[in-house]
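Note that the chains take the letters A, B and C in the order they are written out, and that residue 1 is the start of every chain.
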Amino acid sequence: MTVQLEDVTVHFGNKHSGRTCALEGFDLSVAAGETVALLGPSGSGKSTALKAVAGFVRPTRGRIRLGGNDVTDLPPARRGIGVVVQQYALFPHLRVADNVAFGLRAARKPKAEVSRRVGEMLEMVGMTAYGRRFPRELSGGQQQRVAIARALAIQPSVLLLDEPLAALDAQLRADMLGELQKLRREVPDIAIVYVTHDQSEALALADRIAVMRDARLVDIAPAAELYAAPPSAFTASFLGGANLLPVSVDEGAVKVAGAVVPGLKPEDGKSLLCIRPHAIRLEPPEPANAVEDVARLVGRVVAAQWRGASSQVTCLVDGLADVVVRVDVPADRRVPELGAAVVMVLPVEACSLVPAEVG
Amino acid sequence: MLVWTRTGKAVVWIAFALVFGLLVLLPFLVVIAAAFAGSWNGVLPSDPTGDHLRQALSGDELASLSVSLQTAFMGGLLAVVIGTWGAMAAYGSRFARVADAMHHLPIAVPSVVVGLGLLVAFSRQPVLLNGTKWIVVIAHLVLMVAFSYGTVAAALQRVDPSYADVAASLGASPARVLWRVRLPMLLPAISSAAGLSVALSMGEVGATIMVYPASWRTLPVSIFALTDRGQTFVAAAEAVVLLATTVVLVVILDRLRGRAVER
Amino acid sequence: MAVEALGATVVVSSQRRRDGKWLWVLPPLLVIAVLVVYPLVLVAIESIPAWGDVVGSAEFRDALVRTVQIAVSSTVGCLIVGTFLAVVISFVPFPGARVVAGLVDTMLALPSFLVALSFTFIYGTTGILRAGGFLTSPWAVVLAEVTFYTPFVMRPLLAAMSRLPQAQLDVAASLGAGPWRVLRQVVLPEVRPALVAGGSLTLLLTLNEFGIVLFLGAKGTTTLPMLVHTKGIVMFDYPGACVIAVVQIALSLGLYAVLRMALGGRRARLD
């Protein structure tokens, strides 16, 4: 079933305490079988958008449609949407099986059907052996699986996931990400809205990513497209932590700190060069001899963090005050010393231009 | 959110307003209204007057106010000291359970029984207190110790003991840790115990009515005497005096607490 | 306050025991021993000669039954009203809900006889409703106690409900549960410890309640605490008053001990 949000706006508070706008003019359409990630920093409105779809908050303006039907005024109990929240919100006094059965019993399904469906769901998330346990006897990852089983038990046509992995530690998060990908294949017809602040989750799971900021939608596009050619500076830095360097245009050529970026055409209104940290190569400051499609920036190293598989080196560019360039240096390459002069090599195929931030 | 529809919410709120207003709030409002009414023969009070209040603030009635204030301050504040001391000393000691049980005894037992006990115990040798104001003060002290102890003990559960440990590790003596770390951190609880003690002491009637001598009549005892004589309007006025005094005292103690927290 | 006083658990951490520190606990305990325990022991001793007379009397048995009757009815009333009010304040919030919650806190510190006093104006012979007969019936006492003790049920409930994650209610609703089902199957089971704590405290306090009964002064409504007062102060029958006091203590403390044990066990299981 398609989920549609049209011009949805949500305000909190009242006239006396001052209103805050949590979501402004938000449009989104998620097709059956599609996964859309709402990605943004905290306070960007992504959770509010999800709560509006679930019916937990009432929009001050705009409509929400499920499969074409306007559900804006329906209470959550009558929307039939599966919801999984960050802290799982399992009912602590109910056993795992009763948690999963909660929605089925609310719908007054026959006993036999309830127990059959609970069995199926627990099997799907690999928790069959835990039906008699209480939530507090489960680990975070197990609770997460139960929460998903509970949401899917009511056979929703839409599943909303609100930061489902945020409460897990790093290793478990990676495992659960795999589980979620597998789960996606088991329920191919459901529309999934996945709220997260973590770009790696969004990239791994989503067909399309909606980047949000300050209660508004910034960009929405298929994940690969958004990563390869970010339409805005915010998306570029939030999704993949791109470097953004101010460019100048001189005689039809794009220049960064005086160095020409060969082969890059200037575009109107786009004054920042975007390049990913892993695309930059560091070289010793020797005169360039090879003829490559590269831009070469001279600068020096100001910080280096070892991260195991790679090191992140922070450099300053000569002639560009206040701009730092982050470079990922693979573990098999030598990391230059602090203060060392370096040349940053920018392959032009990894460069794109984005508009500067407004305001 | 539990109720999602607008009509549902409206129905629930109307029910709430009725139940809360009529059952919980109304009785207190009625007393206040009666204090200023010359008569009350219909739904609303009539003949507004300040006479009852004037009467409640003169002669014997005024003396009762003074008696209540003195009792509340002597009994209530001493109770805060003892209760705080007890709670802090008992916290983590091997006598914790005994201390806990003993301090809760006066609230688990009806106040009339506490009064009767004092009457029986101090009408004989070695200590003769019956007929003096001290037996009233002691009754209040005993009851308020229990509340103070409970308030401070509950706060102790919430205070992180590592602060005291850190202070000690920095070389502070036990006395200094007590004075500069543990007591200041409990100050909000101690001052709310003080407010509670004074307020409850001002309204105490069960133990007081068992032990009070004619020379030491507290406000509630006077109010009861007035209702017993059928002077309900003056009784209501005096109850308002009691309420107002209590509120002023509690607000003052609350201010002190606010200042303590800022510091 | 009273709720915390009775609910406070004592954590004994072995690390923090220091030799000699326990001596500090003795002075306050000595005060309690002299001013509470010693008098109660004397009450017990004093009561010995009068047991036969008092326990056999119809007056005593009526008062005992009436006391329990009023306390149980009031507690049930408080639980129903208090739960309703707390649920609305917590989960169907309206502008000003916090003010109401603050008001509830304040009421805990007010004297109970104010309610009884107001009843003379509301239900008295010349009052608003002119329900003269009601004022002298035990139901007036019950209604007054419900008014006064409802905040004692609300306080622990409000605290427990504020700790209940909103997400649980939201998720329950998204699973198709209506308000009534969410209340019965999610909210009430999860705040049950607070409900038990508030209810048992209220039962204890209503068993011990004196001010309301005294001020309503209904002839037919004699409770045990009232009888202690009548015998001790009006009739100067100390031994008789002492017998009733002992019975009352046994009733209160017995109940108190049972509740503490039950609550302690519950708490241990929840942790």
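Some points to look at:
As a working rule, a residue touches a chain if its C-beta (ideal position, glycine included) is under 8 Å from a C-beta of that chain, and two chains touch if they have at least 3 such contacts.
Each chain and its UniProt protein: A = ABC-type quaternary amine transporter; B, C = 2-aminoethylphosphonate transport system permease protein.
Because the structure is predicted, anything quoted here is derived from the model rather than measured.
Of all chain pairs, the one linked by the largest number of contacting C-beta pairs is B-C. In this assembly, the chain whose C-alpha centre lies farthest from chain B is A.
In this assembly, the C-alpha centroid of chain A lies 56 Å from the C-alpha centroid of chain B. Each chain gets a centre from the mean of its Cα atoms; for chain B and chain C, those two points are 16 Å apart. Centroids of chain A and chain C (each the mean of its C-alpha atoms) stand 53 Å apart.
The residues of chain A that reach two or more other chains are 55-56, 75-77, listed in rising order. Touching of two or more other chains is recorded for residues 1, 4 of chain B.
Counting partners per residue, chain C has 170, 173 as the residues that reach two or more other chains.
Only residues 95, 165, 167-168, 170-178, 181, 185-186, 189-190, 192 of chain C touch chain A when the two sit together in their complex.
Per the touch definition, chain A reaches chain C in the complex via residues 14, 16, 51, 54-56, 75-83, 85-87, 89, 91-94, 102-103, 106-107, 150-151, 154.
Touching chain B in their complex are the following residues of chain A: 55-56, 75-77. By the touch criterion stated above, chain C contacts chain B in their complex at residues 1-2, 4-13, 16-17, 21-22, 24-25, 27-29, 31-33, 35-40, 42-43, 46, 81, 84-85, 87-88, 91-92, 94, 100, 103-104, 107, 109-115, 117-122, 124, 126-128, 144, 146-147, 150-151, 166, 169-170, 173, 179, 182-183, 187, 204, 207-211, 214-215, 217, 224-225, 228-229, 232-233, 238, 241-242, 245, 248-249, 252-253, 256.
Residue ranges on chain B touching chain A, taken from their complex, read 1, 4-5.
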